[in-house]
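All remarks here apply to the structure that follows.
Read from first to last, the chains carry the letters A, B, C and D; within each, the first residue is number 1.
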Amino acid sequence: MKPVCLVIGAGAGIGGNVGRRFAAGGYHAVLCRRSDEEGLQQLVAGIEAAGGSASGYLLNAIEPGSIEERVAAIEEELGPIEVVVYNLGAQIGDRALADTSYKAFEMGWQLGTFGLFRIASAVCPKMVQRGKGVILVTSATAAVRGNAGQHSHAAAMGGRRMLCQTLNAEFARKGIHVAHVLVDGMVDAPDTLGKMLGAESFQQLRGQRGGAQDGLMLPAQMAETYYHVAHQHRSAWTHELDLRAYSDLAWWNH
Amino acid sequence: MKPVCLVIGAGAGIGGNVGRRFAAGGYHAVLCRRSDEEGLQQLVAGIEAAGGSASGYLLNAIEPGSIEERVAAIEEELGPIEVVVYNLGAQIGDRALADTSYKAFEMGWQLGTFGLFRIASAVCPKMVQRGKGVILVTSATAAVRGNAGQHSHAAAMGGRRMLCQTLNAEFARKGIHVAHVLVDGMVDAPDTLGKMLGAESFQQLRGQRGGAQDGLMLPAQMAETYYHVAHQHRSAWTHELDLRAYSDLAWWNH
Amino acid sequence: MKPVCLVIGAGAGIGGNVGRRFAAGGYHAVLCRRSDEEGLQQLVAGIEAAGGSASGYLLNAIEPGSIEERVAAIEEELGPIEVVVYNLGAQIGDRALADTSYKAFEMGWQLGTFGLFRIASAVCPKMVQRGKGVILVTSATAAVRGNAGQHSHAAAMGGRRMLCQTLNAEFARKGIHVAHVLVDGMVDAPDTLGKMLGAESFQQLRGQRGGAQDGLMLPAQMAETYYHVAHQHRSAWTHELDLRAYSDLAWWNH
Amino acid sequence: MKPVCLVIGAGAGIGGNVGRRFAAGGYHAVLCRRSDEEGLQQLVAGIEAAGGSASGYLLNAIEPGSIEERVAAIEEELGPIEVVVYNLGAQIGDRALADTSYKAFEMGWQLGTFGLFRIASAVCPKMVQRGKGVILVTSATAAVRGNAGQHSHAAAMGGRRMLCQTLNAEFARKGIHVAHVLVDGMVDAPDTLGKMLGAESFQQLRGQRGGAQDGLMLPAQMAETYYHVAHQHRSAWTHELDLRAYSDLAWWNH
């Protein structure tokens, strides 16, 4: 039975590519996303076509019980979850405070912070019993600095980062490796950046950035680092790292 | 008509003392706390006995509309809120993940992050119209590092800090000064530290720490810095500062 | 006998104004700067004309023994140094690595880091004996992030900031208060910014920035915060704070 | 001709193991250390016995010209330096300010900060011409917080970290990848930790820490991450990461 890598937030960007990378490394990838059954099945089919093993589920992370039930079902039906990739974003674009509803602010927290708490609550007891486990958390520069219009997103990501630290403080000694991956740049991801910009602007940007060869962050390449971190020897774990394209400025140099 | 200083979280520690300091400086202090009507009235009476002006309200910040309605009533009945002191804590002591309920985690966010978002949403439009305003936010080292057992608190404070930054990024140019005050130590506050430790341990600690002269942080002294920051010239604002007793170690030196 | 406030780096900007503020508060201000005897005597005369007490010395901080001898002479002739303001900058403008000589890099360290180590070595034993003392260190955003062309400056300021922390870790308990003041913006200072930009550009900038009323940081206003921090009660010291004009962006929002 | 990986500070700990890892990956490893010709030759012989390619040089990094001449000689005799591993430590143990001589403080800067500046000045022009290069910098938690007695070390490492950022800001776009590796824990390294503790205490510690299997950081395992970072695709570079044993506390949790 293959170990399971569970990806929460598996679109065609980071999530899907990380799932594919773990499948290539011998894991059964479980891909979860909120919508687009067709896109989901394409991801699964792509992995299987490459000789890997995967399943896909639509999952609305906001819905009470959704994450918890999926975890329980996987553990029962597919086997131990060895790696969780928590990849739900909470970026809603820049909005003035007056244009940020209470609901939007709470939604940011639901996806950005609470969802991570929920999945950690669900998987950590099992990982502790097994003496091992990995939780990789995609994050953003909004976790370390708040820009204008980012009220909901930055508050959510700031909470996410601190939660990664408290999880490590409790669980590292028990064999669970939590890593906070600070993505500092635009990812070549049609399902997120592409939708935010619109198809035309997205293609234009890809053109300017050198055919997406390097200017945008390539999710298949990012996935290599996710995979590496998940397989570090426990005497030398990385708990926080950044990822940024060579051609981009660090967030503090803009 | 005196300018109003609104304190959310006005116990006998930081909140009450900051209110007293602003009252001494010519403000009308509006003190809000969740419970203990008697303690609240003692604070108000103490300020008035010293020649100051104050009012007190019980306010449950979790309750929808509570903060918003209080702000509206103050602006109508008492005058412009020039200073907000957001002093609600979210510390619930160290709890393992398994002992941190979803409800406790959400409560941390309600008090630690969302409440600040709500009061900012309520007062910022008015402050922008007036071209000035101050929001002083009491915070904790949990905003910058997550310790074991602090899942709820650290996630809440990490969000609080990022929110302070996004508020500044939008509103500093419009004359609103948001300051994040990172309290790194134990405060000589019977209503919070005292209740967490219990009366006996609290008095014992005060004894060990030199009669509370210096070892614990004295809230009346902390209030001087809150007052100073609120009155900095707008060409030289402080947005983040720490406060710590001389006898204590910085959080990174423990 | 008045307590002494020793300012290392006392031009017409932060240093001179902080000296003036402390003189107004009852200190004897000792102003030291590398050159411009005339400007120095004007600062002294201005303080005396306002009823304060001051002396001025030309001091080349790079020269071995210069700082140490000045400290010894002050302690013997003028009395105990209660406050040190270490205000030497090390900004040389943006220079590519290829244009940054070893000498320039070392000079940055001499002024930015080593000079602070030297003055701390000279005054801390005396302050420890007296059980009190304050060291206020002007610093820059280069202490927390490195921008292009800032090789010498950022390395120097990064060292300065860590040194402030190690000094606090050793001396806070002995009554010495070290504060790292992170100046995040352009200061309305003819001797530094004025010289770097040239007289004409400097006046133009002051014009654009609203007659230097608010856009540039006004050093006389900054001095109020230096003075406040130096007089905080020891139960509530600030060890790090930023200063920025309301109209400016935080370094991470650019 | 094999690409060259130049290790400055190649003892039996991180430096030697990183050299060995790159040699295993097809590089010619050039190992430089200040003393112990015998230990150096053992490292070289070990690499060659494993089928790799290496050379060793004694190099006193403090000596003017030492680094620069070695770089020039390598480029002429061995080929292009593709990877630099700057692994010189500057830890001298905890010393009170009064026990930290000017010379010790300057030595910290020479090894911790200036040496990196010098090697960057030597290799960056060549790497820019070739459009690629990697500089991996071993660093310590002293780069981000100053503990008591760490005056020299923390000032040196604080400068080192900021210098990594300014190097990235100038050179990332030109294809040079600079990574700051924050080592947060004790490394199982006889040449550094072993010498600092003494042979007996070192063996005792290894015993307590589980036969050095996991409690101490294993340099051969750390080397895997150095190697990974050096080979990240340029669309997804890591510029800062920490390494810590699973059994250890993060520096902020102590």
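General remarks:
The working rule: contacts are C-beta pairs under 8 Å (C-beta built on N, C-alpha and C of every residue); 3 or more make two chains touch, one makes a residue touch a chain.
Treat the numbers as computed from the prediction; the structure is a model and nothing was measured.
Over half of the residue numbers at the chain C-chain D interface are used by both copies of the sequence. Inter-chain spacing, taken between the CA centroids of chain B and chain D, is 45 Å. Work out the mean CA point of chain C and of chain D, and you get 34 Å between them.
The centroid of the Cα atoms in chain B and the matching centroid in chain C are 31 Å apart.
Residue positions of chain C with contacts to 2 or more other chains are 145, 147-148, 165, 168-169, 250, 252-253. If the chains shown are joined wherever they touch, the resulting network links each chain directly to all the rest. Residue ranges on chain B touching chain C, taken from their complex, read 165, 168-169, 172-173, 175, 177, 188, 213-218, 221-222, 224-225, 228, 232-250, 252-253. Looking at the complex, you find that chain B touches chain D at residues 145, 147-148, 250-254. Here chain D touches chain C in the complex through residues 96-98, 100, 102, 105-106, 109, 113-114, 117-118, 120-121, 124-125, 142-143, 145-151, 154-171, going by the rule given at the top.
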